[in-house]
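Remarks on the structure that follows.
As written, the chain order gives the labels A, B, C, D, E and F, with residue 1 at the start of each chain.
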Amino acid sequence: MSRIDGRTPEQLRPVTIERGWSKHAEGSVLVSFGDTRVLCTASVTEGVPRWRKGSGEGWVTAEYAMLPRATNTRGDRESVKGKIGGRTHEISRLIGRSLRAVIDYKALGENTVVLDCDVLQADGGTRTAAITGAYVALADAVAWAQGRKLVKAGRQPLTGTVSAVSVGIVGGVPLLDLCYEEDVRAETDMNVVCTGDGRFVEVQGTAEATPFAREELDALLDLAVTGCAELTAAQQAALAATRA
Amino acid sequence: MSRIDGRTPEQLRPVTIERGWSKHAEGSVLVSFGDTRVLCTASVTEGVPRWRKGSGEGWVTAEYAMLPRATNTRGDRESVKGKIGGRTHEISRLIGRSLRAVIDYKALGENTVVLDCDVLQADGGTRTAAITGAYVALADAVAWAQGRKLVKAGRQPLTGTVSAVSVGIVGGVPLLDLCYEEDVRAETDMNVVCTGDGRFVEVQGTAEATPFAREELDALLDLAVTGCAELTAAQQAALAATRA
Amino acid sequence: MSRIDGRTPEQLRPVTIERGWSKHAEGSVLVSFGDTRVLCTASVTEGVPRWRKGSGEGWVTAEYAMLPRATNTRGDRESVKGKIGGRTHEISRLIGRSLRAVIDYKALGENTVVLDCDVLQADGGTRTAAITGAYVALADAVAWAQGRKLVKAGRQPLTGTVSAVSVGIVGGVPLLDLCYEEDVRAETDMNVVCTGDGRFVEVQGTAEATPFAREELDALLDLAVTGCAELTAAQQAALAATRA
Amino acid sequence: MSRIDGRTPEQLRPVTIERGWSKHAEGSVLVSFGDTRVLCTASVTEGVPRWRKGSGEGWVTAEYAMLPRATNTRGDRESVKGKIGGRTHEISRLIGRSLRAVIDYKALGENTVVLDCDVLQADGGTRTAAITGAYVALADAVAWAQGRKLVKAGRQPLTGTVSAVSVGIVGGVPLLDLCYEEDVRAETDMNVVCTGDGRFVEVQGTAEATPFAREELDALLDLAVTGCAELTAAQQAALAATRA
Amino acid sequence: MSRIDGRTPEQLRPVTIERGWSKHAEGSVLVSFGDTRVLCTASVTEGVPRWRKGSGEGWVTAEYAMLPRATNTRGDRESVKGKIGGRTHEISRLIGRSLRAVIDYKALGENTVVLDCDVLQADGGTRTAAITGAYVALADAVAWAQGRKLVKAGRQPLTGTVSAVSVGIVGGVPLLDLCYEEDVRAETDMNVVCTGDGRFVEVQGTAEATPFAREELDALLDLAVTGCAELTAAQQAALAATRA
Amino acid sequence: MSRIDGRTPEQLRPVTIERGWSKHAEGSVLVSFGDTRVLCTASVTEGVPRWRKGSGEGWVTAEYAMLPRATNTRGDRESVKGKIGGRTHEISRLIGRSLRAVIDYKALGENTVVLDCDVLQADGGTRTAAITGAYVALADAVAWAQGRKLVKAGRQPLTGTVSAVSVGIVGGVPLLDLCYEEDVRAETDMNVVCTGDGRFVEVQGTAEATPFAREELDALLDLAVTGCAELTAAQQAALAATRA
């Protein structure tokens, strides 16, 4: 049985990671998972938030947002509504936690990196594309900070790599990397964030229609681990390439 | 090795479920998981939100909040700050999804149930206590609606039961139902929402300090399933008792 | 003529004052005036707001709020609406002023006490129950601060006691301590805050339907003074008891 | 003993009531109590708020505000801060209640009058000047509505007149109509709203420094009743004059 | 062809500039352009915003607002709506920029002047009346600051004078100083801010109905320069007069 | 004398107009003026805002925003701050007015087009690039609506074309299309919006440092008209090309 876009159940959509997309940011990546396109920028500033001053430790945080017409129907701007919705908050927090999982705060020193993940076009999996792209932007920003001696020589703030993918059960079949049409029809939907060595940073599974059994959960986790491994390879390839 | 409060790793804190706590609400429960105390009220109104009108289907939603001095240090009121924080949003959404997992919207008819979960005292596990208590308040509210003929005779809006518990790894040991002190020291923290028949509605695991391996995830899920089964029994006992 | 709940015009509803309700707060009281139940917590922090720094004087402030389903019909959360309503503001300010009337700022030293009065169930007289309960929580918090030597030995920050009661004219008859049903039918409604020695801290009378004459005002003040004296006795009894 | 501005204790400041100040509003008054100047406009619109539709009854409401530099030190604009302060809310509500006390909603029919009271210059007593001026603006607006046949022939929406004055105890002496310098030094401060026939609409007394005794309260009420009678006369004189 | 109010195309409405309108502000002017009346106050405070501290330079800023019933139909208060509209923002920024054009920040020293322009009655040209009046209030405030030695002896913070007028094409005819009725019918609408020596500070032209040609633009600029020269003379006359 | 990037004073930066950038929007353009890159989407919905219903006329509006790291230093998100800044409001209004200048509302019928202009990278001239790009997106959206028969056959909602450019005086020399570095050093700064036939829709000139004379204004307008003509040609070329 083939999927709506012809993929096999365990196949990712075409993934591209374009580094150096912005001339201003210390790290910037335009990442695409199929038609989902997210601009991830990493902004480095010296100093940390007030509650962390004097600790000798750095900080990494993230903000996620969607352009109003990133989706099929135009959404109202959160700036116009005057408040951030629950979904936006939740995803921003998830991205921040995921990236902090591979940061050594001491090695980073009292510097802050803000990761902005702005969805330019959405077709499912925007949060997982954002995490995968933000890692590459973060790596570039950390290298920039090392080059500027903001990070002490010999210290490596990155303790590993991190990527993320969505999985779900659609029509009883576990699928990797759901596009939007699959996502809305999924019985169960899960986002998994893994480190490059195959351990878990976040596992968020939700029964959309019917509760799911342990075996289904296991099958989804298997798929996700495989998908993250492929994404890790794509990240490494992008970082190995000379920046355009 | 015994825990900070003398429990074994697979032991819940004392759980109490006090029905009919409020004279106004259609369903109301004061639930406690140890020192965590949450007042859950279920408010029934005829009609549904605008986007659902004419569908013949009902709606269930939830709002979670904490009193300012529910915690050890007083927190600012979100009403005074003028906006709801990300954590509050996230938990409100989780509670709503969890309860909707056992609702047959058609059977509920065009009625809305709002579940308010207000934490009066916090000592870890407030969201899982809220879900567990809210289910009982919801069951009472549904019975009330049936008594008032808001729900058509012979229809059962509840398709099952739902409860929730936290699990985590502290000092390398998987523990059930973390109290606050354990929670802050946990390497990994997971909230699991199960139906009464042992399937999953939500699985949310987060690596707080170090990424976790598949076997750790499996051990936590095992613990959680056991804990939810015990909570299901407590819910049934409370519902079987004549209301005070 | 007897009242809706069988009381005589000059009779209070049953009053309970339960100290030590919260394990975290420096002072905490669950107060009830009949079916009205308010959780009052007193939080002590060292230091004072910026505008008072270096004055050697302390500060006492209050915040009042209602749980959404404290009332017969569910109200929207002010945190969700993003702003505090006029009624909430007004009552918070009244409670703060009332408690400050019995505080010697110099003796308190540069410490702040925040009184949170959260209405868990409402049946008329929530602001007067809140003031009456908050005084007991404040007394416990001050004793705690003295025990911790935050307050200098030999100094007594409390200059007296304070309690409050509502009075009103219903069907031409002046009544003490209105319940909700009486309150909505009152021609005139008054909230009176007294010190333990029978003087006035606040007198707020409002003609709901028809303007009131001087003799009616006098009759209401007489009733209120009697009611506050009884409440003062209840406060003293609660404070004399060993805390549970 | 004479007062800071040479008045006797029972003397009002010079009061002026200038009708027809604005060319757009259906009623408009620039009222001054000494250096306190408030622009009161009454805006009539056909129809009532949603919750009152179909009742056949009208509505009257008020909004109070201060220009940023109405006071000695410039205050931040509430529109810039993005929220209305507690004091503003409280006074707006007081003005609305006071004017509604002399309105027959049935006679008004389904029309709404909004009273805007904007303080152009403040020197104590802004809320009492606002109520006193707003009554005159309201009377003009009601006459306008009668002229336009919005109000049925033979119906009189005004059931009486209303005015307000502040009183207080300064240095142990009860004083009428406090100016700002007196207000900040007052031990007790009271705002009293009376109808033209000498009954009370609102009595709001506050102990600023020390609780007050019943005799003090009585003395203040006596003063206030006298003051309101004088203000009633000034309102009638203004309304009797041909509008400029 | 004469205009709606009998003026010739190149004629201003009657202009009045009343200094010293407020007893509190360091400079204050009630300016009128026909029925448009704006209260302009200038508030001087020592010190500058944080981003300017230590620069030795001062700051001038402005806030524009309209009373709710300044217009023919009552508008909602921006403080009640909780946010400032785009038009208000835009005009506040325009006024601030216009006045800063004639300020020597170094000579002003680290002092701040806030210009509040509150429209009491609107009949077209409120922003241009505000700028014209605010200049006079600013001049008075600067003189006050010189008298208080906040500004160093021998320094003149004002480098020139500034005034503003609206022009527009109505029915094909270029007109000076549009009243509201002309403004709503204008094909093109332009606000021009000039210095006393006839140079431009701001030129803001907008095609309301049809794009405008270069010759039309030229004709409007000619009119505006003439109008600003007359307004400059009125400002000088007001400043030359002894303040009431 | 050549400019910082080697251009002559009357030379535009390289301009690219990439149509069909987004798969969801009815019209979408990625426009660049040198390093300034703006994503413009046009969203068509049937129906109009409430105040326009039943008029038979359509509506066009615009929203402008910047990604946080579009600029050299990261700016706070307006959605996080909870309000839109004055600059954003002002530019959104300018874009909306500019596009409405070439719309025949009757021909558009009761349809709404929202133009979202999101600055992905900023280097001066973001508002003029936005207007120029938004016109092309609007043209595509109108064609889409014609194809879907939302617009009646034989009706042309576009009455012309519109483009915009910035001009300014830097070091005494009038320059076309300022980049960021030129913009911050400009003595005078002007944004000009022209129709394709060379008439003006908006002229907004501001003296940043010193007031400007009539001859300077004339020189800037000459430059702007030339620049807009070139941009009009680029728009036509883009629209003539087959969409990618």
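In this section, a contact is a pair of C-beta atoms (placed from the backbone, for glycine too) under 8 Å apart; a residue touches a chain by one contact, two chains touch by 3 or more.
In this text, all values refer to a predicted model and were calculated from it rather than measured experimentally.
The set of chains in contact with chain E as well as chain F is empty. The two copies, chain A and chain D, are related by a rotation of 180°, based on C-alpha atoms and rounded to the nearest 5.
Chain centres here are means of the Cα atoms, and by that rule the chain farthest away from chain A is D.
In this entry, E-F is the pair from D-E, E-F or B-C that repeats the interface of A-B, since more than half of their contact pairs coincide by residue number. For the pair chain A and chain F, the distance between C-alpha centroids works out to 33 Å.
Centroid to centroid, with C-alpha atoms defining each point, chain C and chain F lie 59 Å apart. The centroid of the Cα atoms in chain A and the matching centroid in chain C are 51 Å apart. Residues of chain C found to touch two or more other chains are 82-84.
Annotation: chains form a contact ring; the order from chain E, going to chain F first, is E, F, A, B, C, D.
Listing the residues of chain A that touch chain F in their complex gives 22-25, 28, 35, 39, 41, 43, 45, 63, 65, 67-72, 74, 77-84, 88, 114, 116, 118, 120-123. Those residues of chain C that touch chain D in the shared complex are 83-87, 89-90, 92-93, 97, 101, 160, 190, 194-195, 197, 199-207, 211-214, 217, 221, 225.
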